[in-house]
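So, here's a batch of structures to check.
You will see two complexes here that share subunit A, one where it goes with subunit B and one where it goes with subunit C.
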Partner chain A sequence: MRNAFALSGVVIKEMYRRKDFYVLFVLTVLITLVMGSINIFGDNQIVRYLKEICLLLIWISALIIAVTTTARQIPAERESRTIFPLLAKPVSRAELVAGKFLGCWLASGACLLVFYLFFGVLSGTREHSWPVLNYFQALWLHWIFLAVVIAAVLLGSVVFAAPSSNATICLVVIIGILFLGGHLNRVATNIPGAPGTILSVIYFTIPHLEWYDVRDLITHDRPLINWVACGLATLYGLGYSTILLILGWAVFRRKTLTL
Partner chain B sequence: MIRLVIVLLLSGCFTVATRLVPYFEQRNNQDSAPSVITALLGDSRRMFATHFFEKADAYFHGGLAPSIFDAPMKEEESHMTEEVHAGTTNAVAPAQEEEIPAFLQHPQDWIEKFGRNFFPVTHEHLSDIGKEEEILPWLKLATELDPQRVAPYVTAAYWLRNSMKKPDEAEAFLRQGLRNNPDSFEILLELGRIYRDNRKEPLVAENILQLALQKWHKRDAAGGKPEELVCEEILGELVRLEKQQGDLKQWLYYLEEMKKVSPSKDEIGKQIQEVKAKIGTPNN
Partner chain C sequence: MKAKVKAGALRSSLAQTRRRIYFTNVNTVLEITDLSVEYPSREKGVGKKLAVNGLNLKIQAGEVFGFLGPNGAGKTTTMNVLLGFVNAKSGSASIFGVDVRQPIARQRIGYLPELTYYYKFLNTEELLRFYGTIFRIPGPELERRIDSVLKLVGLEHARKRLIKTYSKGMQQRAGLAQALINNPDLLILDEPTSGLDPVGRMKVREIIERLKGEGKTVFFSSHELGEVETVCDRVGILNQGQLKVEGRVEDLVKQYQCHLEQIFLKIIGYEAAS
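Here is the complex of A and B:
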């Protein structure tokens, strides 16, 4: 496990050396501030639209950072042939996958922390209230969501040929699950025969990432989520991440590393 | 000599007018050129406008909104626009609120049931907590995208003048709507209410409401099938104004007109009898 933590440290260093996070953070701040400066019937108390826009930008930015960073990890090591000395350390392939996952997940968590700090300051200064626990729940669930995403992209990076195709396919699938995942069974009940059964199977198989999107609760100042539900969603998310990581390792251990 | 100067001045005026008229016509045409939004989005902007109007309604219900996969919310559940029409004789009394709306009552499986922990599922109204202003950005955006859509102007103006006590902003927004929809009797009705309730200018309000009534009849005559509820609302406002001013004949006239479109004919019939008794006209 020490090897995995050492590898994750390298990934985190790579993250803060790259410009992706800084660019997306500055863009989020700029767009939110411009939106906040719009005069809506001379009322300064209107804040929910601003919270919604800010949270949407945070979600988009976090997803892009997580997917693009993870998608290039293993292919980049293979391309630059640094994977051979790495595996000769000795670092097992399981440790490599675990280290890459841990590094991307922790780095994404650090980015999320900065984004949510900005969100908290913004909404606090406009609303004059500080629902810290609500923001903590939103941040936590968002981070668990990213764990599933990163594990899925790592699996994709050993299955698909190029990081670009992996990132695109993963983004399409993740966004599809976010928008449609929760409704598939309802659609399946209206479709008779095999297609309906297939939809139902997909519904019960996919990770329900839409659970982790609690933006509406935050935007509309709804009460705290039940902590038990939060805990169960955490276990569910970590369970799926583990399954995806094991699948990724299973594919990676049989893969030839020469290009 | 003076006559010659006058003739010269008149001919000068005529010449300038022949130059100025085409110039201003050209300028007006330039003003009505398509905006950047129209150029970029084309007719799809109307779809986005509908989306943002529905978003305002979802905001009004504290984030509670059915998805396209759920059964649509019942008409009487959209309280954002319903309250705008309140006060008419046939306005339905608000039904007993359900804590959880119909489209969320029966989860199909454990995933759906558990997922309800993570989005708003209980009914709440922004008007109950005094935060109606939160719907305004989306209504404003809806009018930017589709200036020919009347409902966002009327809804925003209603909340601006009633809850936020901002009749000036409400009037400015309605006038902007009127410039884009010169034949809208709904906007004129709301404008009339501002002059009656907020500005306390009953004569101006009466003129505006009469114009609204004319426009309603004009659309009706043109086969546009305007909503009878709106006509009843306009007549209701006129009845209240005439009653306030004590003009019995006009009061009677508007009551009789109202009886033609209202479903509560018996109630209005009684009021007609009362006014006739006051005037001294023999009962038929």
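Here is the complex of A and C:
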């Protein structure tokens, strides 16, 4: 586990030393600042609408940061050949996959924390209310969502050779699950025969990422989610992440690496 | 809580014992038995190609072994197997008596690839600290080792500079530093002087000789036969995946009545155009 932590430290270092990461980060902060500062006639609906847009931006930025940085981790190691001196040390390929996952997940978590803190402080000072627990639950579930995303992208990065194709495929699949995942079962019950069965199988196989989108907790001041449900969602997300990581390791462990 | 601590201590003690069993009283540092490695061929219509064919090799502790051969002979492939990058088709390889497929086999080795492949966003000190952590070198000792290897390779002044700003020679020296960070007992060097200027080559040669003096085992491939003749105790010449000749340098020179370079050319079947 120590090796995985050492590797995650390098991933985090790379993330904050890369300029593209800063650009996305600063851009989002700026947009959030501008959007959050506009309070037209004190109309609650408009404020809510703006909050929704800000949160959507946070979701999009966090997703892009997580997908693009994770997608390039293992392919970049292979392309720049830094993987050779690394694997010539007592590091197993499982530790490499775990370290990359941990690094990307922690770095994405740090970004999320900054995004949510910034946004929370901004809207709190505007509205003079501090629903800290709502923010905490939204942030926590968002982070678990990113764990599944990062594990899926890592699996993709050992299957697909090019990081760009991996990132595109993963983004399409993740956005597809977010928009359609919850409706598949309903569609499946209306389609008879094999196609319906296939849809049902897909519904029960895919990770239901849409469960983690709880922006309404913040925008519409909904009551808190039951903590048990929150814990189960955490277990569900971490379980899926583990399965995806094991699959990634299984593919990567027999891969021939040539200089 | 107490049980947890006890289990942790037991695990750590078991790991230490396992390491001791693995690594004590091993005179043969590196052993390759009937090793064959296959690659998918890039030529059309040719399925798989044997890059290494039935290689047998034993290297004893304290030896400097020169692994020679023309380009494409299978030297780097053999090293790739030793480092666990490539799986063998058949045969086996072990380092300090441990199968090379186990990460623990790499605990006491240092590896320098032919070209420098290091994280460009790190400086040398950070790179060494990262690799040192992987070798589980405790904090204060790691700092001492970082200082000593940087001094050894002459990079003390540039320790805080990002590796991407280094010249090729400096990058190669950073590579040597990372290969030495764990004070390895076996060094695997893949053409360590390739692309270096005469001063850089001299420096690398000095380091190899110094390690030899310290009783370390060095396994290295090189095309610089003069250098090999000076530094190596034993050499092996590989051609088309097969070990053609192996022996002490002076014995081979005596047997063939010529220099190593001429022996090499004879073995690989090179005939000069008249």
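Note that in this section the second predicted complex is superposed on the first by the 240 of 259 C-alpha atoms of A that agree within 3 Å, B and C clash if a C-alpha of one lies under 4 Å from a C-alpha of the other, contacts with A are read in each partner's own complex, and residues count from 1 in each chain.
In the analysis below, a residue touches a chain if its C-beta (ideal position, glycine included) is under 8 Å from a C-beta of that chain, and two chains touch if they have at least 3 such contacts.
These figures come from a predicted structure and were not determined experimentally.
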### Message
One more residue to check, A:Arg18. First (subunit B), second (subunit C), both or neither?
### Response
second
### Summary
Between subunit B and subunit C, more residues of subunit A are touched by B
### Message
I'd like to know which partner A:Pro90 touches here: subunit B for first, subunit C for second, both or neither.
### Response
second
### Query
Is A:Thr256 contacted by the first partner subunit B, the second partner subunit C, both or neither?
second
### Task
May I ask you to decide whether A:Trp227 touches subunit B, subunit C, both, or neither, giving the answer as first, second, both or neither?
neither
### Query
In the superposed arrangement, which partner chain does A:Arg81 touch: subunit B (first), subunit C (second), both, or neither?
second
### Query
Regarding the shared-chain residue A:Asn3, is it in contact with subunit B (first), subunit C (second), both, or neither?
second
### Message
Quick check for you: in the superposed arrangement, does A:Trp130 touch first (subunit B), second (subunit C), both or neither?
### Response
neither
### Message
For the complex, give me every residue of subunit C touching subunit A.
### Response
39, 76-77, 80, 83-87, 103-107, 109, 111, 113-115, 117-122, 126, 130-131, 133-136, 175, 178-179, 182, 188, 190
### subunit A to subunit B touching residues, read off their complex
38, 40-43, 45-49, 141, 182-183, 185-187, 189, 203-204, 208, 210-214, 216-217, 219-220, 222, 225-226, 229, 232-233
### Query
For subunit A, which residues count as touching subunit C in their complex?
2-3, 6, 9-10, 13-14, 17-18, 80-92, 95, 254, 256-259
#### Entry: Touching residues (chain side subunit B, partner subunit A) in the complex
59, 62-63, 67, 69-70, 108-109, 111-112, 114-115, 117-120, 131, 133-134, 136-138, 140, 156, 160, 164, 166, 169, 173
